[in-house]
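In what follows, structures are represented as structure tokens.
Consider the two complexes below, in which chain A is the common component and chain B and chain C are the respective partners.
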Partner chain A sequence: MADPLMEPLSESDMEAWAQVSGAGMANALRGLSKMLGQEIATGVVSTRRVPLMEATELLGGPEAATAAVYFALSGDAQGHMVLVYVPEVAFELVDMAMGDPPGTTKDLGEMERSVLGEVGNVMGGYFLQTLGDTSGMSLRMSPPAVMMDMAGAIIDAVIADIMVFSDEVVVVETEFGTDQRRVHGTFLVMPSPTLIRGLSKSRRAA
Partner chain B sequence: MSAPDNTSVVGLGEIRVSKGADDVLVCLGLGSCVALCYHDPVAKVSGMAHIVLPSSEGRTLTAPGKFADTAVPALVEAMTKAGGLKSRLQVRIAGGAQMTMASEASGIFSIGISNIEATKSALRRAGLRVAAEDTGGSAGRTVRLAARSGEVVVNTSMSSTHSL
Partner chain C sequence: MAKILIVDDAAFMRMKTTKLLAENGYDVVEASNGAEAIDAYKRTKPDCVLLDITMPDMDGLTALKELRQIDPEARVTMLTAMGQQSIVLDALKSGAKDFIVKPFDSARVLAAVQKMIA
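For the complex of A and B:
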């Protein structure tokens, strides 16, 4: 008996995912712009399949110093969302959100972690709103988990969770930032095949 | 530490064995994953597995190194092929951190604890004793194993370094 999770995703599934997640990313950046009170530009949104063995490269390599905000997705489908920053950029993002001059934040204490988590909440919330509106699926995100460590260490539990049913992961990623202040982050979403199929199905029905 | 070109990265789910004089096997940036290290001091051969999950649950395997229950015997076999003897193996393990305790996300991140438990119970079943370990906690680790000497060196992200 074939496990539906094991069946390969079709090209039209991937296309649907690229379109909806692209719109979701744009919405997430609108949310962030509103929160920070300034225009945040988004780079190219890329959707691709990545072998799990290479997944840490998405975060700059296994030993790269990384600040990340993780959310588990649940509800009608599962998945993972991770916002990834170089630590200095995470500090700068906290300064921006707090209205402090650049260079004020130098480490992630409880307050700084909470600010980063809130930034993540806004972006993730806006992203999921697009996915939910498009698909009719009910999707929830966990409270944020803010981590600062080696990239491999942050992501390997997520990789393990995906590895149970697959050797590759579908990701959508984009960079975002402003010209004035050097704030570049990567927004990484790893949906379960169920989530991608749900989106694809709802688009065919529409 | 030896020159980088003698260093072999043991990727997720991989198993590597080496007996080269200056060779170093390394697992980079371990969180919940576990570096399983064997050394035979007589044959001067070492092996490392990068364990990702606790149990293969009877799946057909392309990479036995992925799972604790299959990595333990598969690494014994690889060591034997390279001239090692099971009864002489020194076993060291490192990794199995829980990177976050945050509420609902912690379910996924508690996999590190399961990985450690599964590795130890597979080692017991194989009749192998753990000589040293650096496991658990909430910090990432890079683990290096010097092939000839069997020395295991652990670096954490907080940049502390120590031998096992």
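For the complex of A and C:
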């Protein structure tokens, strides 16, 4: 008998994922706006399938310098979430959260890393709240892992995990920021097929 | 002056909360995980505790249960992220007085503290 995990996702599965993750992103940005005390706008939310071999391109290519905050998802379904910034944007975000003038932060020490981790906690928590409310699934996120490294190193561990059940990864991406201050970042969510099917099923039942 | 123990593994959250409470005339003690919190509680005997749920070494729920064993009257408010409702319920059953969802606003934190020490 075929392993249900290995069955390809259907168009309706993908459609359900696109809708729910779009709502989740909007909620994540509401959380961030509340944390920073100013309106953070989101750009277009896109959902697509990416071959695993090309996954490092999602973080700007294997040689790109990036600051990333990683969370593992567990509970009724598994997955990964990564918030990615170029270093200058990460510094800018820290300045905003600390209420410092632009250009204050020039490096990521313990305090700065905890700011990025907290931003991730808020965005990830709000995103998962939408997924949980929609699907009835109980989803938990790990404490944040804040990394300053080449993109390839960050995504290798994620890919190794996804490879077990798929040769492609389903991602949702968006950019966010304000008009005045540049804090454009990318929020990648890589759900397991179980998570997507769970959402799809609950939507059909609704 | 009332003394508040703040327990959070994120340096940023400790800094923000300490600043808020100090500005409002409270004496603040910080701890960065559950084990440190138990130690600081015994040592400094705070009037109340703001306790984060997700922390390494000893999480907030475990720390809450230990604090309530050491001092059955311990007044504790949990700090939680979105989506931790089941843990929050467990914490309230285990004697937590209140909970605050992050990102929290200043007025909510001050109200929780005032309620605990009233």
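By definition in this document, the second predicted complex is superposed on the first by the 206 of 206 C-alpha atoms of A that agree within 3 Å, B and C clash if a C-alpha of one lies under 4 Å from a C-alpha of the other, contacts with A are read in each partner's own complex, and residues count from 1 in each chain.
Everything that follows uses one rule, which is that contacts are C-beta pairs under 8 Å (C-beta built on N, C-alpha and C of every residue); 3 or more make two chains touch, one makes a residue touch a chain.
None of the values given here were measured: they were computed from a predicted structure.
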Fit or clash - chain C, chain B, common chain A: fit
Contact-wise, after the overlay, does A:56 reach chain B, chain C, both or neither (first, second, both, neither)? first
Using the touch criterion from the header, give the chain among chain B and chain C with more contacted residues in chain A. B
Just checking: does A:97 make contact with chain B only, chain C only, both, or neither of them? Give me first, second, both or neither. second
After lining up the shared chain so the two structures overlap, which partner does A:35 touch, if you call chain B first and chain C second: first, second, both or neither? second
Tell me which partner A:163 touches in the superposition: chain B (first), chain C (second), both or neither. first
Touching partner for A:70 - first (chain B), second (chain C), both, neither: first
First (chain B), second (chain C), both or neither: which does A:143 touch? both
With both complexes placed on chain A, how many Å separate the closest C-alpha atoms of chain B and chain C? 7
Taking the two structures together, which residues of chain A meet both chain B and chain C? 143
For the complex, which residues does chain A have touching chain C? 31, 34-35, 97-98, 110-111, 114-115, 117-118, 121-122, 125-126, 128-129, 132, 138-141, 143
Chain A - residues contacting chain B, complex: 52-53, 56, 61-65, 70-72, 74, 80, 142-147, 149-161, 163-164
Seen from chain B, its contact residues with chain A in the complex are 11-13, 28-33, 52-53, 66, 97, 99-100, 102-109, 111-112, 139-142, 157
In the complex formed with chain A, which residues of chain C make contact? 9-13, 15, 54-56, 81-84, 86, 102-103, 105
